[in-house]
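Quick notes on the structure that follows.
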């Protein structure tokens, strides 16, 4: 069909459709209540990264909110691969995709009757990574600001479930951007420990060691896990431990990890410079090099191509 | 058009359309992130209830999440009235509508670039009240269960903003329904005080006085406000004060308020019967009578018609 | 004496008496204020289990509430063995006993004069295990419900001391049983982490690892310690770490441990099924087998005999 | 009977017996678990004080822990009056009694089977007030020490229920007495606000106003209520509000209230003298005078008679 | 003496000296540990404002940290007036002074021996108000930013005592200024409620009412008290109640009060504009007018003279 | 110069002066606000202990409060050595010095303009250790009392920064000393875990293991670090873990560490004796012996010389 030439394809409840034809009734509970979960991986050189682990995490999120997606994990993986395959031809050789599964509880009939759905809404889709928009971050480092807003506590809604209830993070980002445009928010948990940013995890380097907040009050990302594994390979001690603003200010270097960022250096926290002039500290550099080897993609260069 | 005969009309970004034609791109941020707010009032005998106050509250929610709806409050009211007018002919004389405005931040382009939207998504729609589904509640009273899950704290996302991030409440309701089907959840706040249910507020009666949790950790509903006003008219002392499980167990009577419920008696809390055999305590009865007069609708009878 | 034929013997302040003759003045501070501590072990095939450790723990509890029992730990052990010896003849070969020491501060004279006691009240007694009452748990698994009630925090009264102030747990069990008869309560601590049930500890199994809440906000049971030791022997990784509802819902299997239960599988938490149809997960089965070997008693079979 | 000459009589499950014959099986759940509640009033000049209110409070405590006493409130009052009547002849004209109802859940059969009791244990008894032991407090004032231990939070067990789980308070008193013999503990709640002592409430006087912590984290005593009423009669402004150590240190005067103390001045808090040399501040004196009139008993003189 | 011509005079332990001769040994505990308290009032048209109340507050701070200043409140007031009198001739007619008493515990000898001081250090001094530096605030309004840092809780050190331990506030101001130069920090308390800025209190106006956080987690300023009194005179309802970020965002207008600011409008909170273009809301204007009358000084004009 | 004969020399902003000539303007921000940090090491047999580590910690504190000392760490060390060298001749052979660097932000000009300083105030000085005052502690052990006051939380001001805001600790010590003269305060953190005393860390010994609170809510001292290293050398297991009052009461032995104390045994906590008659438990003895070897100084004997 004509759309395939210039339009991406997405999966929607069993069908592969041009994105503009993936339309949802406004009574979809995802739209009404954010009553949905999702997960996102990315490609490196057009190959998808650790898909099984992302889908595994997706199913834990589903179990937490008690949504039955109507597909097995294996089927979810296959459909994801299929979506990707149908869209790769649209991608520049040096670009890559985010690939996401989004599952809502389906269409509401009457408000409180939770069980009257006739099944979940499943969308699988891909989007080009925002390489250009973020290119300068890989030159200057990220300015992190820790806002007053605290990460939603597990008693209310577990940060370990990747749900579509993102306002906690979105409002935090807005509050930060309104006073320091371009800065990224990293939130404290309710006990005052450093938790996470929107979809990102924080690492600090100090005296040759890596430090990162433990799971529980945050979503332990797969990129975070990758860094921990790589640190082990490189013999860099890495501890998961409660960290506070003091630790951030006292750090020699810092970086954020996320599916799309992989590893991106932090230049300052609350306006306090971390490390020296070069935001890429020595541990950061070693980890980036090994990460790039593992994914067979120089992601720093990939971002920076847009600086040229 | 043919649809108008048997299909409700909704407002969508300036147009009045049959509901089945109000379709949203899956990249609408309401669907992706619950990045949206809403408000809901109801009709009594086909007349809308305190619309201006609901819209006023809607705009405070919008301000909190920094969404510009692109309509003035006056325009929002007018469109709401118009939606209602176009749908009243579908309603039985003894039934009534919920009427809701739902505003998302619009369509996402690339994840983090919050400012690149070309405008909010606005949907205004109405739904028949679930009178039949709830009819027994007005005979037997609601069984309330207080789950372990706590209401999202204001540090994370204010309960005073009526946002589309409802998973905290939805999961709480599921946890309760899984062990006591038909029971409703009322959550504690992080400090252990009784807060609110999904869209509902709690009142206790003891020694001739009304007690209800104060605003701050909950959304102070307009029906709650109506009860406070009515109590004043009836000379029933009413205090907004921190309440705990002890107070609930020690109460002589209890009820929930919400836009659709108005006042619905509570039969038990965590399996402990409140009051005697009749869930309608003396204060509850007086308040229901006056509330019915004020809205010119015997809402208890309206619900109970479906028992017959 | 005649009673010995059909009545159990208990120790009371130096004497071994038929239970019906162990009577306490109503001014005993144990009765007035729960001003007492206790500890309980059980027999396996009529042999007492890890008595020294239980008595050691008892003396730490005594030290915490500053009660002097008037007996040395060695004397306490000897009296316990003696009580057991005098009662074994009453026990069916396939049954076993709980064996408990209970020490109150003694008799109150005037309320606030704490020091005017003339010595502690010491009772040592045994009770047949409730094998029949619990037999179905070893077939179906325990339904766990996490109530709103939180475990008493150490700032108020340490859960590490096994005191006779059990209302926190008793009321929690009642609240759970009132909405789901037969379910067992497992409480969160004040920070929202999974703590413990009444006399029981929780283990989760996930991805081949055991997880259990750390000591501090709970009483680390001796059966819990036994499981940790056994896991080490079997090469099953076991981590003591903060766990939340998310972790429980995401678990592959779960079980409770206690002196009497040893290891009993959990079937569901808040109505969410843990694992598949069989509540006995693979780690649970391996641990039960080794535990049974260690205590030389197939305790699952012992409970299940009453199903036949 | 001979005992009646020199022994007090108590009520026990329907019978009036000499105290030495009120004996409880050691399996009474009050002794095993503190699974009991109680309430205490006192006499003034041999007349019982506000008995109906104390019994009302007792029944709220019973409802909280879900114990059915098997007696109506009216029967409970009558039995209390009867116990008192049978013991007044033992009392010196200038002395008075504490009068208490103590209700446990009854005798345990097997641990977890809460429902297998055949009824509560009810004891009603009286004890002479410790007038002599406390006489110096009415000359020198009470030395209050605020320990590190915090009052049990309502999420764990409501301080508004007067239960027999008193170890929180008892251990606090011990910790205080071990470093300052004779001092009384007043505990903070979990949020750091002044809560209550063992059976006593705190009032501060500052700039001519009375301040006392609000109900919720503490048991609002009937003597406390009496003081609030009296303050209203005397035109002394009285606010129930969160108070902290700062407020105590900044106070002009302070006193404790309890059933037996009525009003007893506080001399110091954590070693910091409150007010001047005379621990009886001006508000304290006015309130004592009016309280004495109301109960028709100069209770300060009653205590002080033992100084002579 | 020559210095008097162009140098301010300060009081130091009994002497009135040119400021440059008020020198402290480095072992003064104020310098070593911030072991000191202070209080500050200002003049209006060269007359000191509510000095007795400020000194009263100073003595409560002294009592809290248990420092004996060696002067009576009356002597403190007299010395303050004397310092002011000796410095007025240095002041422009349109300018005014801050006037402060600063009392440290005196000189340390050996670290832990707190009692070995030979007396407090008392300094009384005045400083011209920073009228020029702040002039634009009275044109544009203050940009308030709420940082992640929380106000020191009363359990640690009461904000009601005005001590020389100001790093909590200073570091908060630095964190804010580093990302938004010129913005002022207003901190949340540990429970997430709006507390106070460095020496300033926050008021919100909404629907014609004033709202301000209650005392307890903040120092209730004397200017704050003045505004409350004035609001009463003007018939503007004013409630002291817990406020959160939501309330700030939903406000129609906002202002800060402090000794030097009196009333200064707030333009934005976390980048979100409060009110419309004019930062002076209608309540703010009315209160400023009345405040100016009360102090007989148009303080807005006094600040704004430096804009000309 | 004459002073050198009998007066110590200190460093002050570049100069080495007799202490009596190191005088600070009262507008030094250290005096006004405690706006300063410091660090302290000691000598052993006149040799300074781990100076580089102390200066490293000092610079982390400086970074936290954003003070630039104007000296490099190397220069700071050199000046410290120089101060020491100039004062050693005043010291008895068996005595030793505390050596401290104290850096304030410098002199305030106008209150809020933080950036208008012309540089920090740097003082480096030494003081003889209070060997005589503390001699009995090494015979009898320290009586520790845990007050109600909690350690300042990191959200307010990190205990990991050694700042001159010491009132939290000073007031705690006063509260303890007022009821138990000579006792030392050890504070709980906000979550109720044992934190630290004024400049001291707590260790418990139990069942042959060492336990000490983890960093984060406390300043992990260099003496604490030394003990951890020594324990490793001696094969004594040592865990950094959350500890509560229960753990303290259940300990077999306990000691405090600090720069000056090195290791000093604890005799009791809240009046509860730790260990037996001899406050020096077996682990304490072994660690003291090894510590003495490492610093080449029998510090216990050094303190005890003053008992003779």
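Going in written order, the chains are labelled A, B, C, D, E and F, and every chain counts its residues from 1.
Throughout what follows, a contact is a pair of C-beta atoms (placed from the backbone, for glycine too) under 8 Å apart; a residue touches a chain by one contact, two chains touch by 3 or more.
From a predicted model like this one, the values you see are computed outputs, not experimental measurements.
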item: Reaching subunit E from subunit B through chains that touch each other, fewest steps; value: 1
item: Candidate from D-F, A-F or A-E with the same interface as B-E, over half of contact pairs in common; value: A-F
item: Chain centre separation (subunit C, subunit D; CA means) in Å; value: 33
item: Whole-Å separation of chain centres (CA-atom averages), subunit B against subunit D; value: 44
item: Sites on subunit A at which at least two other chains make contact; value: 64, 66, 148-150, 153, 155, 177-178, 188, 191-192, 245, 272
item: Subunit F residues within the subunit A interface of the complex; value: 60, 63-64, 66, 153-155, 158, 160-161, 191, 216
item: Interfacial residue positions of subunit B with respect to subunit A in the complex; value: 10, 12, 19-20, 22-28, 30-36, 38, 64-66, 98, 102, 104, 110-114, 123, 125, 127, 130, 133-134, 148-153, 155-157, 163-168, 170-171, 173-174, 177-178, 190, 198
item: Subunit C residues touching subunit A - in the complex, by the definition given at the top; value: 188, 191-192, 242, 244-247, 249-250, 272
item: Subunit B residues within the subunit C interface of the complex; value: 145-150, 175, 177-180, 183, 188, 192, 245, 270-272
